[in-house]
Amino acid sequence: MPIVRIEMWEGRTLEQKRELVAVYTREMARITGCSETSVYVVIDDVKKQNWGAGGLLCSDKYPENN
Amino acid sequence: MPIVRIEMWEGRTLEQKRELVAVYTREMARITGCSETSVYVVIDDVKKQNWGAGGLLCSDKYPENN
Amino acid sequence: MPIVRIEMWEGRTLEQKRELVAVYTREMARITGCSETSVYVVIDDVKKQNWGAGGLLCSDKYPENN
Amino acid sequence: MPIVRIEMWEGRTLEQKRELVAVYTREMARITGCSETSVYVVIDDVKKQNWGAGGLLCSDKYPENN
Amino acid sequence: MPIVRIEMWEGRTLEQKRELVAVYTREMARITGCSETSVYVVIDDVKKQNWGAGGLLCSDKYPENN
Amino acid sequence: MPIVRIEMWEGRTLEQKRELVAVYTREMARITGCSETSVYVVIDDVKKQNWGAGGLLCSDKYPENN
């Protein structure tokens, strides 16, 4: 009964989230033997101004690409 | 000095959050013997499109009910 | 389908955890209308040397009481 | 630069963790277009006595299977 | 390769976040010897109505100050 | 009343944790104007076999250094 939590930059499409949830659930069940039904996946869309890497806000470091 | 973090679908009312915080804090203090003052409760309102269960996004699986 | 995560000092008994899980699940269902079956509660036992409050490690600040 | 956090029952083997990390990283990069290098995966091995489902500790509910 | 996650009330300015990320990254590298490049900092802006302290929602307890 | 959560490889000394908690609390108060008393810092010591970076377990990728 695993819980998977994903933090990533906001801006991913619904289709990308749908595929992430499907694949991560399927692979978790395949690798660990749990049932797919028991897997929860929670996605946290993080603004680039709320993510720091190497000491810089990503909104400063990567102003354009997503 | 416990921290309680609640992830649930967005859409709960202020009154429901108020009661959750009051009850969870009171019960934590009663059961563990800590002071109520030391308990933090943080609520994370999660969009149904950011929650996967059984391999499906909840926005696909439960399009109507909350 | 809420997830509740509890961080508290290690040392709570199995009976305290059992009651916390029972009460938090029941109250979540009562207050938000979700089913009890859908509630997950995850407890993280934190060592006092891994918890800081007011700038001090709790193992320094509260060497005796739990 | 996503972070993936997995909470699951303790007892998974090193080989299962290795495969989870490899597959989750590869699929994240494929689906979102990020680089594999930027993906962090953190696994939290949770004792069954620290996991509640449906109001019961998993150590009570599932005393045998893992 | 540490990950630092900050939960605080929403309303902090971009400049405050920028300084937090810079200082926390620099100090992590200085104290633990890791490289600054490997440090991720993720900020979670929490609404006062989603934060409970001492059994009360912060939106009720501190209606004015931030 | 911020909460800071640090995930890092296990093996840091008590003295390093003590300094991290002191500095992070002081800087949080200085930058955001909150009181030091209200700051909680929780450290999670993560085994290298529970941390994946770039698709590999850190226990495989960095077998020696910490």
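Labels A, B, C, D, E and F are assigned to the chains in the order they are written; within every chain, residues are numbered from 1.
The criterion applied here is as follows: a residue touches a chain if its C-beta (ideal position, glycine included) is under 8 Å from a C-beta of that chain, and two chains touch if they have at least 3 such contacts.
Note that the coordinates shown come from a computational prediction; the quantities given were computed from them, not determined experimentally.
Of all chains in the assembly, those touching subunit B and also subunit D are A, C, E, F. In a homomeric contact, the two copies may use the same or different surfaces; for subunit E and subunit F, over half of the interface residue numbers are shared, pointing to the same surface. When the contact pairs of A-B are matched by residue number against D-E, A-E or A-D, more than half turn up again in A-E. One copy, subunit A, sits rotated relative to the other, subunit E; on C-alpha atoms the angle is 120 degrees to the nearest 5.
If you average the CA atoms of subunit C and of subunit F, the two centres end up 20 Å from each other. Residue positions 1, 3, 7, 20, 24, 40, 42, 44, 51, 53 of subunit D each touch two or more of the other chains. Counting only pairs that meet the touch rule, the chains in contact are A-B, A-C, A-D, A-E, B-C, B-E, B-F, C-D, C-F, D-E, D-F, E-F.
By the touch criterion given at the top, residues 14, 17-18, 20-22, 24-26, 36-45 of subunit A touch subunit B in their complex. The residues of subunit C lying in touch with subunit A in their complex are 1, 3, 40, 42. In the complex of the two chains, the subunit B residues touching subunit A come out as 7, 44, 46, 49-57, 59-60.
Chain contact summary for the complex, subunit A toward subunit D: residues 1-9, 12, 16, 19-20, 23-24, 27-28, 31-32, 34, 51, 53, 58.
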